[in-house]
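Both of the next two complexes hold chain A, though its partner changes from chain B to chain C.
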Partner chain A sequence: MNFEVDYLALAPELVVVGTILLVLALDLVLPRPRKYWTATVAVAGTALALLPLAAMAIEGTTRSMFDGSFVVDQFALVLKGLFLIAGYVVFLMSHHYIESDRYYQGEYYLLLLASILGSLVMSSARDLIVLFVGIELTTGPLYMLAGWRKGDVKSNEASMKYFILGVLSTAILLYGMSLLFGLTGEVTFAGIAEATAGRAGEPLLTMAVLFMIVGFGFKVSAVPFHFWAPDTYEGAPTPVTAYLSVNSKAAGFVAMLLVLYLAVPDLSQVWAPALWVLAALSMTLGNLSAIRQNNIVRLLAYSSIAQAGFMMVPFAAAAVAGADLEEAFSATVIYMVIYAVMNLGAFAAVIAGARTTQSGEIPAWAGLGRADPRIGVLVLIFFFSLAGIPPLAGWFAKFVMFRSVIIAGGTATVVLAIIAALNAVVSYYYYARVVKTVWMDPATTDLQVQEPAGSLRLALGVAVVLTVLIGLYPAATTFVTEASKVLATGG
Partner chain B sequence: MLTPVTLADYLPIAVMLVLAAGFVAVTLVASRLVRPDNPTPEKLAPYESGILPEHEPSQRFPVKFYLVAMLFVIFDVEIIFYFAYAVIWTDLGWYGVAAMLLFTFFVAETLAYVWKRGALDWNVHQRRRYIDREAA
Partner chain C sequence: MVAPGWYMALAAALFLVGALGLLIRRNALVMFMCIELMLNAVNLTLVAAGRALNDINGQVAVFFILVVAAAEVVVGLAIIVSIFRLRSTASVDELSEMKG
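Let's turn to the complex of A and B:
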């Protein structure tokens, strides 16, 4: 056993732990009017944690610890960067939203930081135990955050549904993991991959893999495991919803792909068709349900279910066709990064817009474009980007997805590509409908324009710059594509 | 490089699904044939743990035990780490001492938090006053 600790490799996590302790301590000593310092410290801590990441990215070596259970490679660095930056933007979005809440400001930031810490650990996990602890630390605090508005029945419902289905999915996931451990006697991905090589077709192994896919399916709210998502997204405070739809979804995705790709690559016979079905169902049902939604957050909830389907397409297609998974992996990661940017932007625009319209119902947003053109333009940019209209970032995500499918080839793959293409067309309708309401419908009430808070403006600025930049100059994301191919098994 | 998919592995799963569905169908049909049919409104009502209360309790009662029990479990688990340390403390040396001091600090900070938030006050009315003061 090797217990050498590489402190630089652990530095991002250590910084976040330190920030958590500091936020907790500050929350205890600060008087009520000064509690906003907890937010400042949380934001500074997430930014500070990016420094060791940058240092390791420049250095470019792969670091492995604890017998290969914890690996920091280029892939992990990209994901940690994504989780930290997305968390940073969510903090900016939360600032004024939470300050209007009466108590427990410090706890809000503490719980979000704990969730970020979980996703950081999870990105480096190369064994089942570390992965499980990481993903539970990611979702655990969110059960409480979803129910943050204690007096609101919808928020209670959000928390309750998320908790019960979250715990159920954890149980199923854990059952699959325990079967896998029982059959192989290994917990590290490298060990499991070795032990399962050439054992495709054993019924119990098939069950183990399917159970794990079902567990992860709940976490990423893939159809048919998506029932909790719309209610939870609607009831939770909007910044928490943004976090749920970006960080927590990405974390579930990464965990699923890590396990399938690194631990059980030889069982692709089992998981490839399952992923294919999940991808096809998520895209179709997500998009068709989104058409009928009148609440803008529910619309974004179904849109995020559909986007999760798109994210699964490259990986499912490549695995079904038996093609090279490396290309598919980087296509999924690039889709995830772009989705994170534009979806955070869309939620920030919704928070800003809802302050003026005083409503989450789409018809009430009529005339917003004329009343407050800046928010109107931002809604247009983010929703068109989600639809995949060039020259905004979303088109490149879709382009990479379709390209990887074409590279894979094969009948089942082409069918999936056709389903994806049809769904992309369907999604134009409901994204464009929001933009149409905002810009073309006459205002039903006299809208009082509310200035967005400074931190929210910063969040919107970060998201809009990235969305336009990636759309106009996709080569800016090359480092993500390259880095996500450096995926070390540890071992 | 992976092999293309054939779906052969899904045969056992399909068999399981058919068996599970068949078991449910057979049970439902068999019990319908065998059992006497005598529905009453009480029987048809959805079961919700226990009997419906006749009237609301006259006063609200606090559930302090739940909070204390939860805190006890959390701290109990944390303290278990000390036992592990006590067994091998000579091998770990000063590194172990530093690590345990850090760990103790974490526990202490959590305790301070719980204390300040009023979770240890047995008298709930006092705690409410604290929160109101905090919010004012």
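Let's turn to the complex of A and C:
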């Protein structure tokens, strides 16, 4: 056993832990009107944690600790960067939202930082126990954050539904893991992959993998395990919803991909059809339900369910066709990164727009484009990007997805591609409907334009620059592809 | 010594009881106990497997699961209390403000 600690590899996590402790102490000593300092510290800490990441990315070596249970390779670095930057943007979105209401600021930032810490740990997990602790630390604080508006029945309901189903999914996931451990006697992904090689078809092993897929299915809110998502998204405070739909969903995806790809690649004939069905159902039901929504946050909730389906397509298609998983893996990761950027932007635009319209119902957004053209343009950019219209980032995500499906080939794959194409068309309808309401419908009430706060403007700025930049210059995401290949070769 | 298979079967039965209870019962506290039952079924599987394989990792995993489960109990009870303060009920059927 090797218990040497590589402090640089752990530096991002250590910085976040330090920030958590600092926020906790500040929250204790600061008088109420000065509590906003906790937000400043949280934002600074998240930015600071990016420095060791950059140092390791420049160095370019893979660091491994604790007998390969905790690995920092290029892939982990990219994901940690994604989680930190997305967390940073959510902090910027939260700042004014949380301050303007009677929320508890210190605890809010503390819990969000704890969740970010969980996703950082999980990105490096190459072992079932580390993965489990990471994913639970990611979701645990979110049960509380979903119910942050304690006096609001909707918020209570959101957190209760999320909690019951979240813990249920954990129990199912763990049962699958415990069976997998019992059948292989290994907890590291590499060990499990070795032990399961050539054992496809064993009934208990099949059961273990299916249990884990159901558990992950809840975490990424894939149909038919999605029913908590729309209610939780609607009831939770909007910045928390943004975090749920980006960081928490991405964390679930990463965990699922790591386990399927690294631990049980030889059992792909078990999980590939399951993933295929999940992808097809998520796209179809997510999009069809989104059409009927009148609340903009619920619409984004169903849209994020559908997007999760699109994200699964490359991986499911390649696995079903028995093609090379490496290409599909990087396609799924690129889709995830682009989705994170544009979805954060969409939520930031919704927060900014809702301040002027005073409502989350889409008809009340009529005339927003005339009243406040800047917010109108941002809504247009992010919703069209989600729909996949060039030259915004979303088109490249869809392009990468379809390209990897074509590379995979095969009948089942083509069927999945057709379902995806039809769904992409359906999704234009409801994304465009929001834009049409904002720009073309006459205002029903006299809209009083509310200037977005400075931090929210910064969040919108970061998201819009990235969305347009990736759309015009997709080669900017090449490093994501390269990083995924480092994982693929087991580096 | 009892064969490990029996422990596994007991764990599977416990897991099933927990899952069924969660589906049938509508009191938040009882649903909560059912989830704990499921987590303990997981623990039993891990301990039995660890013993059978003579591998300490099974027991180590149980420690982590115990700690996480304890933390989740705290969160869950806090949520139930905050709901109870507003509505004086712990039934999940009453919680249906949002639909569609």
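One rule holds for everything that comes next: the second predicted complex is superposed on the first by the 486 of 491 C-alpha atoms of A that agree within 3 Å, B and C clash if a C-alpha of one lies under 4 Å from a C-alpha of the other, contacts with A are read in each partner's own complex, and residues count from 1 in each chain.
Operating definition for what follows: a residue touches a chain if its C-beta (ideal position, glycine included) is under 8 Å from a C-beta of that chain, and two chains touch if they have at least 3 such contacts.
The model shown is predicted, which means the values in this text are computed figures rather than measured ones.
Residue contacts after overlaying the shared chain place A:A475 against neither chain B nor chain C. Ranked by how many residues of chain A each touches, chain B and chain C are led by C. Touch criterion not met for A:I58: it reaches neither chain B nor chain C. By the touch criterion defined above, A:L325 lies against chain B but remains apart from chain C after alignment on the C-alpha atoms of chain A.
The touching residues of chain A, when paired with chain C in their complex, are 128-129, 132-133, 136, 140, 143-144, 147, 150-151, 153-154, 156-161, 163-164, 167-168, 170-172, 174-175, 177-179, 181-182, 185-187, 230-231, 234-235, 289, 292-293, 298.
Residues 1-10, 12-13, 106, 109-110, 112-113, 116, 131, 134-136 of chain B touch chain A in their complex. Against chain A, the residues of chain C that register as touching in their complex are 8, 15, 18, 22, 28, 31-32, 35, 38-39, 41-42, 45-46, 48-50, 52-53, 55, 57-58, 60-61, 64-65, 68, 71-72, 75-76, 78-80, 82-83, 86-87, 92, 95-98, 100. Considering their complex, residues 21, 24-25, 27-28, 32, 102-103, 200-201, 203, 206-207, 210, 265, 268-270, 272-273, 319-325, 410, 412 of chain A touch chain B.
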